[in-house]
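The following pair of complexes shares a single chain, chain A, combined with chain B in the former and chain C in the latter.
Up next is the complex of A and B:
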């Protein structure tokens, strides 16, 4: 009796799925899922309204430690294109793909766009050991902080979308080219505004700003974390405070999701300023796209460094 | 009279004309000089522009070199997607399975006087070896082998080993092998991934000390719906020899389904709701009177009363993400059973729940508390076992943590209590990734 009921229920579920799957989601636009809001923003610049784009990780959370939700699995399962930052930035990427089981994104499928292709990577470890903290096997994956890299990302997205949707290839390429042109103009402006702070000593919380500081010519004298991903220890802070005093470092660059308590403690001891920057579109909320995000970062730094420049050590 | 002005103007005109003609060579010289000066200025401008460009190019070269130097100081620079980085081959070692290990050592102080496993002792609770790799373009495997140092039965156990096949018709994903049953939230977790030192009492009592893992088959899929809601359903047929609520007869399978959905009430919160339904066989022992005053307990090898155990459960997990990486989690699970073997097990409707709330207040610390109640399988009546367990997790790093827990338990009947303190160290190395729940 129970077997019959269970069989009927199972058959009903199967019928429901066979009727509705593919019908409900058979939309004409490409369903694109990006792992971060920043990639989603750049993809939007490239494809405008010809795709339906969704981002996975919340901009308010640490990209390394994001925990995918059932909604993310659902999104990836029905997606046509999956855009990710490659390398090992999103440690949760493979478990998410496994959970979604969408065959389009397995292996090096063309429907999966790795935007890191062609990026010059920094800080590639010569040996792999957790004694060095949460290091990344392929090099520092926070390359999106350098706006020059955003141009490569846009080109990669255009190329990837074009291979999935060849009919719109010219449209994607043109938009990517336009975006890169606008970015070029902004980069010139940002470099000019940062030119007065070349070589200025700064501290970062995590090693997530290496590309950004290289582009704009700051000098990183240390990190709040003793080693990547390792929470700060008292011993490390004593040494860092001394270093800040010796080298007259001007600012601690941190991201919004990183704790404030330790940087504040350092600031109290040294007078260094703390500045919250972001690599995720949507954090803060008025950073609506990549250009406004970077504009916000540059503006904040310009404001703080201008005040700090004249500070007597 | 009227001729004088004309003569005056004529004279003035002749005078100016004569002087103007006399000044022409000087103007020409001046004009030439001006022209030369303009050319010189233009030439200087061009030189300046060239010099500026040279300086900019030099700056770019210097910047690129400083990147190279910085890269060499912290590791070499390489272009992604071109030559593999020096260390990468080790991390991506061809076709071999990814390997990770996790150790859990537990020390426990308790009022319980019996000299059984874990009482007033330090023990290697578990040492897991995790293996996993893609098998072919359609599938992968995952396995967890567990070694333990239990007093009575030091052994190696296959905690999980299953094969996943993606892309089945209608978008189903199939899994076959031994796996942790898709029951609520906590049963899916391995011991080291728990926030607490032990599984909630209702999980221990209904499914076993480490929860329910069994050989079987699982199919899962998302149910399309007009509201664009993620609704995931999974159905499992499990071998019936596991789980303390069931017959313990292999040939009598356990049927399990789990349905879950997920909401985001705001940008900073989410809520996951789930429902579990299980059917299994009961197998009450029979007391046989030999006629000579002796009795024998006998259990039918094939079990009795198919689907005599009906188990239902609900789970709700609420997450609230706060600034600076802080997070509040409130997790609840409730289970109740309807059993046909009440005459022997003495409890026809056992039920239990737990509620856990925790607050991640910094990258290092997460305090929490778990409340347990279970009206267990073995005892009849309205009174059940209650327990309160405050705990604290300290992360030395992402790969090593320490858990401290105190548990105050009042057992069913209320006559017996226990106070226990746990000290747990978890450590992991290698490639260890948790499946998305």
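Up next is the complex of A and C:
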């Protein structure tokens, strides 16, 4: 009898200790800050609960122009690792890092992870002039729209976390390759579902879908913006509408935060369909991680394009 | 609390420096009844920046700053020339015209450039939260020099602002001193707008001065009250922005406005409180 009681007490103490140590170890978790919700989601796939991860920019706004708040400065100041998309995607990144003054991310600071390393960039400009629109001096920074690039991102995050936290290196690497495996299976599925729409003419709002349409084989015949970041002008719209009629374009791909008035006007004139896609986890709310985000994008396109296909034009 | 100062000391110091020079200039501006002159000057500065940008300079570089400053000086001279002794056209009308036309010109030029809308918004709101130490030092030195200059000639400057007729009778070259006033004023506004944005600069200039006028008729009393108002409102604004995680510049402006309403209420509820 006594031994049984002692056994129960021992088990209780043990479970208490394990919970307690969990709390203790919890306090030692790496504090990781990512610039976007999508990066935070991929980092979570790589590190599970071994890091504490927070995203800065809201998924509901244009990522180029987020305005950091005091809490963001505080987060970066206290962070152990800073994950960003590199290039000039986050126009506010350097001022934020300067204001936070965290030596781990300044100058020679090695604890920030630039996930764009190793990605083949599109649209690298040959001349640099703002007259040509958005100055993406290093190339188009919206590479996260291609799920193949998400694999490179996951590997970069695993490598970066491993160098800060070598004890868990194997754990991070394994999770990254697990994630990449799941992604491979999904990419196969997505490509199969999009296979019937190869070469289909589409219009995008901003040049933020170049990587996505490249992967799935659509052909972009024009943008709603005359040049990246420049609002549509009357002359440009007339030309675009003509172009859509000539080439029988099926769909305008835009992001939620981009205005609806111009696309609607084009749709009224041409019968083209508008579809809202997203590259930010959390917009819409049921896009809880990268996989479900892309699944939604593909699902929406599939729905709209199969309806359009049946339409006699 | 220590976190608060650790994180917010730079915006706080920047707000204190802005309070120092702008409250002083605000007392002048309200006295001269040219309330919107800083909005117009800020807009001229913005137009200068846009012009520099047209010539291929980066929108936030040193060359652009000099372009803005040059444009502002031209504006300053226009404003000092249009303040005539017996005015038929009120100066506020000229200020309004300059504001509208320069703003439209900037929109025209920026419509050809990427992210033009964003640049215009940035000029309005600025980003005081992310202000750098270099910018704070530059502000402190520049405004220190302007402040000393104004302190040294304080009698003349206040005479031409409050009693221009008396200044004319005393044989003071009012045009010349007006130009000096607007040149130094333009220098300060261009630099402040560069860092803090048009809205903050306008609020720091006008709101503490108006709050002080409610309670005092003397220049020294107004300055003292205005400075206290500005320091208090800056602290409260930055505190709110920190504790509720709100955009810093807009919060500070709203707190300035809120505090002014509070002061106006106190003034009406205590009618016996006679002006000194």
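Everything below uses one rule, namely that the second predicted complex is superposed on the first by the 286 of 313 C-alpha atoms of A that agree within 3 Å, B and C clash if a C-alpha of one lies under 4 Å from a C-alpha of the other, contacts with A are read in each partner's own complex, and residues count from 1 in each chain.
By our rule, a contact is a pair of C-beta atoms (placed from the backbone, for glycine too) under 8 Å apart; a residue touches a chain by one contact, two chains touch by 3 or more.
Here the structure is a predicted model, which is why all the values come from computation and not from measurement.
Partners chain B and chain C, once the complexes are superposed on chain A, run into each other and clash. Of the two partner chains placed by superposition, only chain C is touched by A:228; chain B is not. Judged by the touch definition given at the top, the superposed model places A:125 against chain B, while chain C stays out of reach.
Within the superposed three-chain arrangement, the count of touched residues of chain A is higher for B, of the candidates chain B and chain C. Of the two partner chains placed around the shared chain by superposition, chain B and chain C are both touched by A:71. Once the two complexes are laid over each other on the shared chain, residue contacts for A:192 go to neither chain B nor chain C.
In the superposition on chain A, A:102 makes contact with chain B only, while chain C stays out of contact range.
Under the contact criterion defined above, the residues of chain A that touch both chain B in one complex and chain C in the other are 65, 67-71, 73-74, 77, 92, 95-96, 98-99, 130, 133-134, 229-231.
Looking at the complex, you find that chain A touches chain C at residues 64-65, 67-71, 73-74, 77, 92, 95-96, 98-99, 129-135, 227-231, 233. Note for the complex: chain B touches chain A at residues 63, 66-67, 70-71, 74-82, 85-88, 90-92, 134, 137-138, 140, 164, 166-167, 170-171, 173, 221-226, 230, 232-233, 235, 255, 260-262, 264, 267-268, 270, 272, 279, 306-307, 321, 323-325, 362-364, 395, 397-399, 429, 433-437. Put simply, chain A touches chain B in their complex at residues 2, 6, 10, 13-14, 16-18, 20-21, 23-25, 58, 60-62, 65, 67-74, 77-78, 86-88, 91-92, 94-96, 98-99, 101-103, 106-107, 114, 116-128, 130, 133-134, 137-139, 143, 210, 214, 217, 229-231, 256-261.
For chain C in complex with chain A, the residues that touch the partner chain are 3, 6-8, 10, 53, 56, 111-118, 125, 127, 129-132, 241-242, 245-248.
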